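Naming follows writing order (A, B, C, D, E and F), and every chain is counted from residue 1.
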Amino acid sequence: MFKRTRRNDEIRELIIETGINKYAEGSCLIRLGKSEVVVTASVENKVPTHLKNTNKGWVTAEYSMLPRSTQSRTVRESRRKNLDGRTQEIQRLIGRSLRAVTKLENLGQRTVWIDCDVLQADGGTRVASIIGGFIVFYEAVLFMLSEKQIKENPIIENLGAISLGIVHSNFLLDLEYQEDLIADVDLNLVATKSNKIIEIQGTAEGDPFTKSDLNELIELGLKGVQKVIEVEEEVINNLKQKYNL
Amino acid sequence: MFKRTRRNDEIRELIIETGINKYAEGSCLIRLGKSEVVVTASVENKVPTHLKNTNKGWVTAEYSMLPRSTQSRTVRESRRKNLDGRTQEIQRLIGRSLRAVTKLENLGQRTVWIDCDVLQADGGTRVASIIGGFIVFYEAVLFMLSEKQIKENPIIENLGAISLGIVHSNFLLDLEYQEDLIADVDLNLVATKSNKIIEIQGTAEGDPFTKSDLNELIELGLKGVQKVIEVEEEVINNLKQKYNL
Amino acid sequence: MFKRTRRNDEIRELIIETGINKYAEGSCLIRLGKSEVVVTASVENKVPTHLKNTNKGWVTAEYSMLPRSTQSRTVRESRRKNLDGRTQEIQRLIGRSLRAVTKLENLGQRTVWIDCDVLQADGGTRVASIIGGFIVFYEAVLFMLSEKQIKENPIIENLGAISLGIVHSNFLLDLEYQEDLIADVDLNLVATKSNKIIEIQGTAEGDPFTKSDLNELIELGLKGVQKVIEVEEEVINNLKQKYNL
Amino acid sequence: MFKRTRRNDEIRELIIETGINKYAEGSCLIRLGKSEVVVTASVENKVPTHLKNTNKGWVTAEYSMLPRSTQSRTVRESRRKNLDGRTQEIQRLIGRSLRAVTKLENLGQRTVWIDCDVLQADGGTRVASIIGGFIVFYEAVLFMLSEKQIKENPIIENLGAISLGIVHSNFLLDLEYQEDLIADVDLNLVATKSNKIIEIQGTAEGDPFTKSDLNELIELGLKGVQKVIEVEEEVINNLKQKYNL
Amino acid sequence: MFKRTRRNDEIRELIIETGINKYAEGSCLIRLGKSEVVVTASVENKVPTHLKNTNKGWVTAEYSMLPRSTQSRTVRESRRKNLDGRTQEIQRLIGRSLRAVTKLENLGQRTVWIDCDVLQADGGTRVASIIGGFIVFYEAVLFMLSEKQIKENPIIENLGAISLGIVHSNFLLDLEYQEDLIADVDLNLVATKSNKIIEIQGTAEGDPFTKSDLNELIELGLKGVQKVIEVEEEVINNLKQKYNL
Amino acid sequence: MFKRTRRNDEIRELIIETGINKYAEGSCLIRLGKSEVVVTASVENKVPTHLKNTNKGWVTAEYSMLPRSTQSRTVRESRRKNLDGRTQEIQRLIGRSLRAVTKLENLGQRTVWIDCDVLQADGGTRVASIIGGFIVFYEAVLFMLSEKQIKENPIIENLGAISLGIVHSNFLLDLEYQEDLIADVDLNLVATKSNKIIEIQGTAEGDPFTKSDLNELIELGLKGVQKVIEVEEEVINNLKQKYNL
């Protein structure tokens, strides 16, 4: 039986601790309820082949789960033959989302690597990775600005992300693992502060859903994204102070 | 400059030729405009480990592009280290979509493999693969019914799929490759005959989009899916006659 | 029991349809009886390392079978650890055969990739791939000539290929899969229009064979190759017209 | 120039935080100075092939560094072809060390997986992993005892580990990364509370060293190990209380 | 300029030293001129999946070159992504040749692994591997007979192998590496004592060759094979004495 | 029961045959009792990336066991997914040991590859590989000196290596496989002619050992290393004569 201890339109506690890695140009430990992800940003002074000699930079992400981030131990990716399809899907989503709010020209010929390593998974690790990824990318940008490596902030607008779904006909924001398991519909939404949508991915795990269900979900999701962005902006303001920017 | 020779809400010519493989339990060559995909269904009398001893079957898909399905030759997947992320995303999408309209119990302990091999790619190969996959899966089901391997049709409802997007502020159904390249928004929709949504994946390649844009796109996409289903049902009716079912 | 519907020294119907791929510099669908192979030629403006700075070009082939080209589904190569030995043998044979009739200097510093993808396998796919490979290579040459990329035709002489064998003491030309399965001797022959041999590969699958058996097989095989070359030359003439050459 | 802020025979601050993972049978975050490793123990109810039907259990370890645990970003192991030699050396060392103080019969037919994931590397991550590994293994043992899965504690004696070396003729305990880089001799020592040696690995990175140097190092290292064991035992006592054992 | 120090129809000195490995059921060091191969036979009490429950055994071969068996160092196979095509071709040839003279039923449900490791390569390593493979397979058979593991000798007839070719219009038996490099035609022949052919593989490296050239080559090759079998039989007689059979 | 036919502080017969490979810049077959390793040195005119533009050279080693070097056949490394951890440990040890006595500046921008391939393993193959590696490296150095490729001998001091251990309370030098299997302590020692230690690796396979045991082992090991160096120096003197140096 499904039972939720918070309101259906409420997200779990979202805590973002920055400065957790002494080498990275940006780093945070993000906790979304019991999901925990370590995220770092690394600036590299080169770009992928297809961008050489273009004056553009690149933002890309890698995602991985620690073996015991899951209820029972998962085989370590480096010990398997192939990268998991889910892993690839998620890291492509993170990279795409961040690039959607980035003016790549302002990065110069640099790549920013976003590494998301899940310490503990309790649902929502992909949105937590996007959120954490945005924060550490922002910090890396502030770092580059303060070091005069770049002149203008390439980030066009702040973004947030949230997962949601329909569970036993309830429209629930920010699914935990146990809710996700029994959800009929599973949706991930990435959107900007101005309520523009960057990514929407909805899947019928049980029965397909109507257009009106989808509308209701989007409404709910956009509200969730705004709550996320609120938390992010507080963190970003602290980072700006740290870098005097 | 972008110029379209058909109406914005029109799909390209969709031709599905069945019976193209003499070994497979289901097979077709699907042409969506200039995109061409060979699709086969193979029935195997076993299931993945997690379904053993469950009375359930499984439907899964593999997707691959021939090296010269693309404008310039692509390195063959089997000669690369890892499966491409895009490939994995697409084959997961195909499998998930088909399972969404399948009562897996009715398959018994069998796996149906859907193999989608793109001969020529001109946009929309993932939706072509879903459509072709649905047809060959249907044929495999008819085959199993006619052979008395299964008793009841496990397919709950017919599905269709279409890609669409926003190109220079135009809402276009069924994007060709050249349109896809310059699209600001790219959306894939999988839905049922009763207009229920199975999968929605929307991405802002350029500027993020509003909720109202998204609504308009969904409306347009659902219409496209219905057109696709019309074509499919003609094919399915012919198959039913072939198998006397 | 073995029963053949055509004469022992007769090859199956050989149909070569060109122009089946809109991107490739050469393409065909070749049907040898029920064996079907899609073949494309792709011109790349670079050469393998060992040919750099030599004024020579290169011709190389890749061969692959679609999972359901076979009676029961075969695991896709890209999902296996290593390339199959048989696959490697065949693609090396195709490349070597084509290079044997090519003046590599006339290609300039270019590589022509021949991709052979088997849609349906019913015996003889390796010779079908050589034949189809020769056709698409020829078309790519015509293309380069018509585009003034090269000045002289690098193809020295036309080649053909055929498989044959001894089945229950019958010397049979062009083995189908069911014949191949029970053949005591299995031979593949690649030769030129002037009856010169490029490759001969003979294997005793059952009892070893005498020198006189081998002689008889070679005689039979050379006749088969000439029949193949006849079909090819009709196709090539049509291609020459298409390219006004 | 080399400068140390603590005495040569002093180890860095060693902090072991347990209970950091809600799924694992044992878990800790270990900090040795600025080196940080997340360690978990996972109990699996089967053993490697060579131990089947032997009444023995197994303890094994996997070690990995997060991409940005290092000064500049390291390529993720799962994206490389082969496991790094250093990684394999370290994980074999951890497993061997733990098994040296374990009566494998007391584990029953179970495998305990020790996963060590380095968040931040500043020298000594292999000894930190052994220490953390010992702690989480101990917790997993307490868990199994409290759950009555096993009857007797398989751990024979407590162990500790430390790295040390010779830097500019100074004998230094517990090398930081900057010291390690310039060390002439690098030594890792794993030993028990009763001062017995489990593993010794000494390498001349610069000039080879004399037997008397080695003796002095061992003396120093054994002292360091005792200090480590003191910290460990406090943690273990707390764990025992937690599990009422 | 090409110059040969022995007659064109003469093979190089062929020396087979047996008993060079204390663990293997059969072993030899074979020297063909300056080519040197270590060959062992290993008997395993199981068969590949497709032979399970058939009362048949299997003979299979693996071939590898030590990195410095070649003029300049070759990258070690285990450090490359894929097995070399040439390697696979050769090991398939060795296995097929040996199975052609073996009654697999007489082996029982056993696999004999033939491992061929080239210490030094100076042309003809594939035929040296077949010869050495035949010797060590014979020894393994004698071993199994003497140990009463099998009752009847499964080897039907003795086989030999030789390479030959056309170099500057000379028909040369047993090509050395320098001859092989400039050969217009390259042929490998495996045949039995009764002059039956098991495998013939002929390749035009330069100009294609006529049927009459091929006939002359086969004649020459069969003579070479008989010389090889003479040497082998002396070795086999000594082995029979060793095993009192 | 354990029984030794030679004194506890005696090493097995050590025979080093040089000049066994006609291509390599240095080569030997080393026999330590019944352990046999083929070792070659290959000089390459480039260095690893991290040494480019440094005026330094590099020495590196690869180690591999032939499949039937072991009592029962081992799967060939190139047919497995990953390099064995033990293999990597050993080859890193060999390379590190050789570099410890090498002035890399004197090599110029060259890499010397040491390939160690075990023909037969009866304990001590890693020390045999270090010894053989030192010999062939020395020969390659003499070769480069005689060819005026380098001006000064980069080898600073001669080194030797030996394994030893504690078996049933006996301190044994140079363990054979059967002794190694039952050893309580296993130690590998690499040292120089002047009794300086390069590498020490000691492992408690059974009970941990005391500091005084370790001291006794080191004493014994250093004696063994001197005996090894005596044998080496005779070989080196012969090599010097061969190269007139």
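In this section, contacts are C-beta pairs under 8 Å (C-beta built on N, C-alpha and C of every residue); 3 or more make two chains touch, one makes a residue touch a chain.
Only a predicted model underlies this, so the values are computations on that prediction, with no experimental measurement involved.
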{"item": "Shortest walk length in steps over touching chains, subunit B through to subunit D", "value": "2"}
{"item": "Intersection of the contact lists for subunit C and subunit F", "value": "E"}
{"item": "Chain of greatest Cα-centre distance to subunit F", "value": "B"}
{"item": "Chain separated most widely from subunit A, comparing mean CA positions", "value": "E"}
{"item": "Averaged-CA centre spacing for the pair subunit D and subunit A, given as whole angstrom", "value": "33"}
{"item": "Length of the line joining the C-alpha centres of subunit B and subunit F, rounded to whole Å", "value": "59"}
{"item": "Touching two or more other chains - residues of subunit A", "value": "79, 81-83"}
{"item": "Chain contact graph, described as a line, ring, star, complete graph or other shape", "value": "ring"}
{"item": "Running round the ring (origin subunit E, first step to subunit F), the chains in order", "value": "E, F, D, A, B, C"}
{"item": "Subunit B residues within the subunit C interface of the complex", "value": "20-24, 27, 34, 38, 40, 42, 44, 62, 64, 66-73, 76-80, 83, 113, 115, 117, 119-120, 122"}
{"item": "Subunit F contact footprint on subunit D (complex, rising order)", "value": "82-83, 85-86, 88-89, 91-92, 96, 100-101, 157, 191-192, 195-204, 207-211, 213-215, 218-219, 222"}
